[in-house]
């Protein structure tokens, strides 16, 4: 695996290690472990990681020609099928990598934060697989609205610690996990959920996720004898994005599109501290959040805003520093798609291809729908996850919007019974 | 008064509260009560939405203050409106310092802080490696920059801090985040020993709750005690229906006296008493 | 692909084509198509099937060493990970095979029955992928209790036709689908959901599912340099079972265990017409059901009984004729595990391996728990599907039983809110 | 009377009902009403739990009969208790025939059926390929075995049926399952043509609803009409509160007369009248 950032984790001006002093030893220890095990493959770490991702995770994931979309757009559209990974999303690449690293470091306990529960379930699976005790911090609001994911974590033997401070969502869960870590660094590893946080997390998570583009790059050559014209991925924190882009970054001919959640509007309500979107790259400003300098949704004072997206996994006020840097340098295009568009794309892909995507992923497909003419003749879309987790949300949000593309759900009314 | 002067009588009681918790006016009264209760330095939190270094108690205080309308601008007004003897140190997170004003970077914030008479800054998420620009601004406007030394801080990092620190050094009593605890950590002694030859005063914080704690810590060789969560708890409890504000203020003053008393007692029986 | 049954679809005394005369032309046309396309690879059918199963389905699925189970039992336990297949179960092997065959046959419309909805969702996915209109018959009772699966089918563009006759469950749905087929044979293909029904279905579905053992056999050699001592699979209709066994049948050294649902008891209430289990191999009698002679849960008159299992996918009163024959001839051991045991195994695998199995699959793991001493030193368990679909059932059934292995779910009580 | 005799007067009206729908006694009364209404042969369903060849109407009748306690044993009692002129043909699925008695195979069932005077069997899910053992048992006990010829039955299969059939051949009027329809299918003519030279009478079923239908089908050359769903519908509707059973019986008798009348009219104007 290769890395482009400087030794101290800077991507241009972004990155760094803005953390309380008490966390610095943990960060330093982790940095050293990252360099030894992940970068130098000490003790065969990378080999074991790759083997477990194959056998437990289901790698390589296929690169599938999307017959119907290709016809619709008169473009060869390929799907990189991370939705087929164990757990249903790319999240496992990172979770398994970090839990395994914790084992190599001699840690005895795993903690992680989770918002919608995708990273929490991936971490719980990895921890069970590697026989590591695991505690997941999750806001109580999120616990109440993501019960199936909570149950999955509990089934895998993880503790789920409700976070009751503040608004009880992802931001508070991250703070609470950092607090736990500050007290327990000696025996505990904190598995962060995306390419965010202090160095070495952004680089390390990217390296674990880079399996996606390592495979995709080889697969595009096998299928079409050449590299694609464009790669599209949705971007929340940016881990599937960086994973899908990383090995294509040196290939100047390949355009890279990070599709953010435009939410209900790109405007911002400074007064209320609310951004009705999660488009940190498109509308955010440089700032320091959760340990790194990056692009952040914030008000004039620097207070972090409440972000919004119909897809819980994109609903974050920051973004990985490396991705922010690649956008600033022009290598990656930051674009966005709103809630309505994402819902339409969710239905479109389900109907046309028989693949029900995560709502996060659907953003990338809506961008394809809207801009396929400008993307060349050979496009890869990273299907970051499957949409089973989103059924309830989609039913509700679709009903509110009266989308013509959505299937009728009358048969439930005929038969009676409540919501999903 | 400068921070150095505040520590001059050989021990300092340093209370912490969040500015604007739960309202601007309440909070003014509370800070002034601490001052009356014997504060030597006041650490005044400028609330940030993502306080990753704080325990639940202070985090809730921060949420109350933000909900009560506290902003950077109001914070400066607040400091201007305070009538206290003790010098005020602003404790906040780097993003608020970095974003303030039109030009990006810490300078505008420090300039404003100096203008309203703030004596120093504590920025828990700013590591010494990134502290260059802020140190420069503080030098320009005559503010002190306090660093937190953790029980785990050693070697190169300790030296970098030593290079940048001024006013006093905040010695973190134990691993973890802020929050009142029942015991006095053994890690405290070791931490104090590591910074023993630094020229700045040493104030110990994290988990100090009672006069007795304060006494033991001062006796162990600290120049001051920093006390936060137990005071924020008093604010959180609130007062009686009839005189909510006066009530809380009175209890804060009382607690301050207890802590200050403990510190004084510690200085009397502690090793410091024998030193010059 | 190879087949062992006689030309007319007999496995010993079992099998055959017991269908209304009106269906015979469809059955004959299908038999011919099966022989040409599936057995002879005419027009490259098999090649396309295999390619689509790789690219769309995610084959090959891994054969994973189960570290914790292996240690627990002092036996090398491997998991054949069909849960990683697109849709979350082995069902897609068959659904995609048949929908593709229908396309090769020039059919314009797909129909299928579904009980719990697993086969329906797989068929809906395959039909969307291959751009075929699809209608799924489903009992109205099942529709009400399997809403997420119904929604998935609708999302994939399939019609879901509520069946209101009788008790509104799987049996009625099969009858209704056969009725539709009898009227529409000319342009319609009926995608049956397991190795049941009239010839050629049992042989054909087995051939599609046999990818499982084709891969597993090769993988066991790669991993351990030899064939396994035993292969375990749960058996409802028997499709994952036959798929997992088929290529091992000639290997006399490999013991094959078909684990049926013992339900709450192996006894039978003839009076009420209810068998509180679905163990057709263990407790059923020879009979004719849904077009084939096989082992059937029936009363003395020959009326089919209502079967029961905590896992909806095993809840069927019959079983594939080939599997019945292999049991009669002693090649396959028919064993069973009750509801309680299946629930315990569900929790055990989730906690120990980070793999949440389908409740169906859990039966096979409980058999392993109870009999690992007799299974040799190298055992393969077919993980026929993932358990996400079963969360609600498991919560309820676990709460009723007070299983010590189950995780506490107190945090929901603390936080409030209703069921899952 | 044998089935051949029943068709001897050159046309036959063959009604179908499920035995025991909705109760044993009701059902007795209903069958007898059909007999009074002019039935030449009665197809009496022995209800099976998985009636894959039936449409929803008959399937619901089967569910009612099973819920009402009908079993194979009770069915034989039922036939024994019937007082009708027309010969009775048992229509059921193969599993019930196969399972009856201690020894597996169709013989015990056929023996019992013969004992209670059943004249023949129709088994919609028994293909001619599998019919050997049942044909043998029927021969042994003197029962007829009726086969259903679908619009799609041709070639080899048709020949196999021809070999096994006796009593009459059931000509399925159209593709699909049983159920009353509004038109008379064009497929009927073609089907009849395919079996024209068979020596057994040809009875057409599936979808016949009215006297008019019956007339047209007989006129088209059939020897009989088989009518089921429309009669089961009458049973399903039920009767008045005061005289439920009598009421349904009366309506059945009336419908039977209409259908029989249609058949007779068809025979008069049809091609058959000209034939010997």
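Note that the chains take the letters A, B, C and D in the order they are written out, and that residue 1 is the start of every chain.
The rule we apply is simple: a residue touches a chain if its C-beta (ideal position, glycine included) is under 8 Å from a C-beta of that chain, and two chains touch if they have at least 3 such contacts.
These numbers come from a predicted model, not from an experiment.
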Shortest walk length in steps over touching chains, subunit A through to subunit D: 2
Subunit A and subunit B: spacing of chain centres that average the CA atoms, whole Å: 37
On a C-alpha centroid basis, what's the spacing between subunit B and subunit D, in Å? 96
Where the centres are mean C-alpha positions, what is the separation of subunit B from subunit C, in Å? 65
Can the chain contact pattern be summarised as a line, a ring, a star, a complete graph, or none of these (other)? line
Residue ranges of subunit A touching subunit B (in the complex, touch as defined): 8, 16-22, 24-25, 165-166, 171, 174-175, 178-179, 182-185, 273, 285-291, 296, 298, 300-304
Can you check the complex and tell me which residues of subunit D touch subunit C? 48-56, 59-60, 63, 66, 71-73, 93-100, 104, 124-127, 129-130, 147-153, 157, 172, 175-177
Residues of subunit C defined as touching subunit A within the complex: 54-56, 58, 61-65, 67-68, 81, 83-86, 88, 124-131, 140, 143-144, 147-148, 150-152, 154-157, 160, 162, 347, 350-356, 387-388, 391, 394-395, 407-409, 411-412, 414-417, 420
